[in-house]
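Okay, so subunit A shows up in both of these, paired with subunit B first and subunit C after.
This part shows the complex of A and B:
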């Protein structure tokens, strides 16, 4: 049986209390929201905190609030809540699509947006139980020395597998953090780092409290397309988020972001350049999809073969673009 | 490694009954239900969130008890497969699963029953797509799902008929 390692459980009485506990216990403590990522990883002994700080009692961090300036989503809001929210569905359809295809209905009832953004990076050689990893001699990300995927790499190349992350970057969202030194805001695009072992700029004692989606100019369209082996349960082995703004038939702004191809979501400026200034004709979409194909470099760290994931980059980028382009 | 933290007193409300036990804080809801409360209807499958065999209802929503802490389930209404039947009367879903052959080895069945029960409480007339979407998180290695979808649709029909007769 796979049991959780021993730990003391402290429910947070308030956000300040949670921040205080993280400051007090330091590396010995981790926060948990839905637990769907952390507890699975703890069962495999990827984390063995002495103290688990429960954020779930912080009901005040569970909300979707629309205002003229956009929409604010509390970090503790469940994925089901976001998927069922009519404002998100009509104003931020790419986020609606992304959270609706995360795992399964049960997982979405438990998992939160904050936990999805802070999802640990994943790898075939890492998300395995202790005995499996020990038999192989471990790897750099946990208990070992070398990277099994890229033995010459000085850093771990485990993949960002959060479906919401590329979409939040495409929309230009901002993340709010609370820590012992107060609160700060970080653009989603700067939150993620291309390092499988330190995938965020968030400090370990900081808690993500809110996601802010900006108000979108008229003519904005966005979409998310996800590739996975089964159409339920599975993590993305490729994802493409697209956001376009069209004025008088001409694309004036574009963002294309890939996920599950690096330790952070990868923005593709060449794809945006291929779109801006065009009327989004099929040729422009093909060029943007080619740029996405060139930018994404899948490695041997998820299911699905590398050539398959590479080929699907162009296909999924083209599909996400077509979903945003009027009439193509 | 430090010494394991002591047991704590857990007060859980399961199938409408208040229950108490002492357990270590790292125990999952699944482990406490089965090992401390004697409710072995809920099954251990993958224990990693992949299969849905451990599904229970928390405030009416299906969740995975293998990834939920028992201590965090306090203060919530928990429902397990033991709470479906009323005395000798099976829940319509239990009846139709038996009649249509929707249970073969039966290991996945408690999870499917709870997921389906939650669906039928919010959706009186589910389409086949609604049913398939609702059970997307429950794996069955025996039936091929067709009989399970039929059993849920048939139970929905009978529950509608029953509702009309009262």
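This part shows the complex of A and C:
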């Protein structure tokens, strides 16, 4: 079997303790919560931290708390917990859908929301065994110099594969971070960067602690649609999150976010523009889907060819939109 | 004739029992090779070529040998320079002058820790001259193609085996005059297919522990399908006396044909022979993916002539299979494909050929029903295309052309017990054939035939004075349930006890109960015969004891519920244990498979280079599937699969249903998603995250239908069961997609993208060709 490289495991006694350890060990340390992403990647030698800081003892970071201002979810809440939470299912159905289709029941029992948001970006040339990567000469994301997908690219093009990320952006969620200099809040839309090697604005010594979903005005609807080849295990080849707010039959606010087409979730303002001010008639939905089709630029680094994934952008955008349109 | 069940009727055979290994497996108590611990064992690791094709100019192990903890290094320089024992002697234990696929073993190291062994691998200096690899059938067959085996002319090979450059296998069956018949046909339909290579998909990676014994012998702990023949091969290779080599099989985590050939055992043994400590080698999933004996990728061209009345008049078929870097057992798929492609249909003119080619890829092997899913997919989708051409319903068309009793096989075998129409009708009825389907839904049907195999098997059955019943068989239980399901049932039937009370002792060569192994659907057939013979003998001995003890006539003694008693007075009897005690403490007997001759062929002249044309106790299987196709994405959801299989006599119906269900899911993966992807440095998807086997969430409703048409050759009338149910469901899915979309699928697996391209193509054909300008180019 593939074995983990040697490392020291330090369970955190408290959040402050965890932050302190990250400050102390710097780049030599990584945090782990469910371990469903990190340990698999460590076995492939994609990460070789000297120290792994265990967040799992921090049970105080596992919760779903509803208030008038919205819902706060602790970063260590398991995906199963969120998928089964009745408040999330009724008030934030797109998040419910997204976490329900992540991987398998077993991995959802272990994996956490914070871990899914901070999922390492993925690529056919990167998520491979060490020997395979060595035979190819490695890639810039780990051990090498160039991008094997786009050799002229100055940055890594590994793909954001988090199902929850586009939904959180669509809902306008805020992420709370704790670091050595205190706490700060970042809108989900600003958390992600289009760089496969540095895909978040989070500093390495910061820990994601909480996700805050805003209270939604009446008439808000949202949906998430995922393209994958099997009904379990698979990461998205494509995902579309949609949030629409309708007042008196007219769309007053819209957000369409794509994932698995770039190193960050891609928001499509043109799609929103095609929807706002309309009564969400089929033509408006088609135009928005066309805008999603135009905005998504998949590369040849996941399953499925580029033309297919590009075509499916329109189909999945149209389906997510239809699920949100009144009367559906 | 099928042997009658004793005492008139069946009491255990045909009833449902949990298999005897179920509890240990479910509770995690079953010990697989990787679970075994040996004090002081060394850990081994294998150095593999990173290049699909390279000349090895030099291997220097001296730097590695001086590293801490390194106990032994095995490579071409210190292992026998004799080729492995295959029909074409083209392969060595370690790459010698050439490495011919990315992943081919070049050296192995044993060290005190796995980490030390891996460090030593990195210190072995191999000087490769990288060559241009041959990565497809087309490249292999192109004029002037680079030769995968430049020295092929020097290879020894068995009589009749074709070897010519990159072609390492060829066979042909001809009957009548195909050219003339095609010219005269009312219509000729031509179909071309491609198939991707796949993996057997067992969950337990290969592993072995080898230990040199003080007497100069060697013990190997393994999880093999054929420990006895593996042992013979290994002993001969290393020139060890056979009686000093012992193979001990452990619980096996699935095999599906992938564990017939030696793998980890070779390297653990090569290293252990240099050491005085046990050597343990456990492949990682990635490494197992590199060392895989793959399901053949390939292509097929089928051309059939049909008369206006719907009668098939001629078929011309040509298969080419990708055999990978070495011939191994790869030719089986080619031999079977020509036997399948025209069956079970009455076609007077045939010209059927199959070719095996070398490429610089993993070796293709005998994966469950070699060639079966591929050839069945091709022929059955093609048959639906022919039916469509004559405007005939697929079931009606098949029935119109199907074999009946006493019809002859393509090679001229007179067939008896032909249940083709029965299984077809059963599958069609169960799926609701002929009832309307909703839009984007389709039903498909497929029918085929298969063989039974009878290997050599020996068994010992004993009843001890404590009342326990023991069965020793050389047949390894690799997960099929043949040994743990059928053998106890056969014994329990004859000794009047329950299958759950039978102790099994399996597949330890020290037990001297030879078995030729799991493969070719042979286990219940051959091991069943051996156990049956031994159980009958023990039964007769018990009756003799009871005759004296009970002072009753033999005919009046009943065996049941663990006792022997006088008919009509159950209180007047003795237990099996008491009978054994009276006989001196044990009643035992050995049994072996009888000599069963291959069926005769009436027209051997129809064959060219074909050594597998006479099929023992053939069986028939039909599957029907119902699918839903998403027309926008091309995604196929299989809603239902029905498989009706003629099993001869159903000895263990619960086990048979397990085989049918497992076969359906394995066929689902073959048909829709499983595909080895080869990049410039070999397989891209060695892991189960990327190699898309179906999950339980993808598995449809599966309905097994057992049809019994007892064979004349099998124990209690049984036929081979394990392979047929993986051959037909994929083809049924293919035809269901055909009828849901209007497009016959030709490229397997039917990924959403391929189905979507097919739909886009037909929309473009019927509406505007400009709608899909760039996508259509790649579609056939």
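Going forward, the second predicted complex is superposed on the first by the 327 of 328 C-alpha atoms of A that agree within 3 Å, B and C clash if a C-alpha of one lies under 4 Å from a C-alpha of the other, contacts with A are read in each partner's own complex, and residues count from 1 in each chain.
FYI, a residue touches a chain if its C-beta (ideal position, glycine included) is under 8 Å from a C-beta of that chain, and two chains touch if they have at least 3 such contacts.
Just so you know, these numbers come straight off a predicted model, no measurement behind them.
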{"item": "Partners on subunit A (subunit B, subunit C) - clash or fit", "value": "clash"}
{"item": "Subunit B versus subunit C as contact partner of A:229, first or second or both or neither", "value": "second"}
{"item": "Subunit B versus subunit C as contact partner of A:80, first or second or both or neither", "value": "first"}
{"item": "Which superposed partner A:138 touches (first subunit B, second subunit C, both, neither)", "value": "neither"}
{"item": "Which superposed partner A:110 touches (first subunit B, second subunit C, both, neither)", "value": "first"}
{"item": "First (subunit B), second (subunit C), both or neither touched by A:54", "value": "first"}
{"item": "Which of subunit B and subunit C A:63 touches, first, second, both or neither", "value": "neither"}
{"item": "Subunit B versus subunit C as contact partner of A:2, first or second or both or neither", "value": "both"}
{"item": "Intersection of subunit A interface sets (partners subunit B, subunit C)", "value": "1-3, 40, 104, 231-233"}
{"item": "Residues on subunit B engaged by subunit A in the complex (per definition of touch)", "value": "2, 4-5, 8, 24-28, 31, 44, 47-50, 52, 55, 58, 61-64, 67-69, 71-72, 115, 133-134, 136-137, 139"}
{"item": "Subunit C partner contacts - residues on subunit A that touch it in the complex", "value": "1-3, 40, 104, 124, 127-129, 131-132, 134-136, 227, 229-234, 303-305, 307-308, 311-312, 315"}
{"item": "Contact set on subunit A toward subunit B in their complex", "value": "1-9, 11, 35-36, 39-40, 43, 50, 52, 54, 56, 80, 103-107, 109-110, 231-233"}
{"item": "Parts of subunit C lying in touch with subunit A, wherever the complex brings them together", "value": "34, 48, 50-51, 102, 114, 205, 282, 284-286, 632-633, 673, 679-682, 684, 686-687, 689-690, 692, 694-698, 751-753, 756-757, 774-775"}
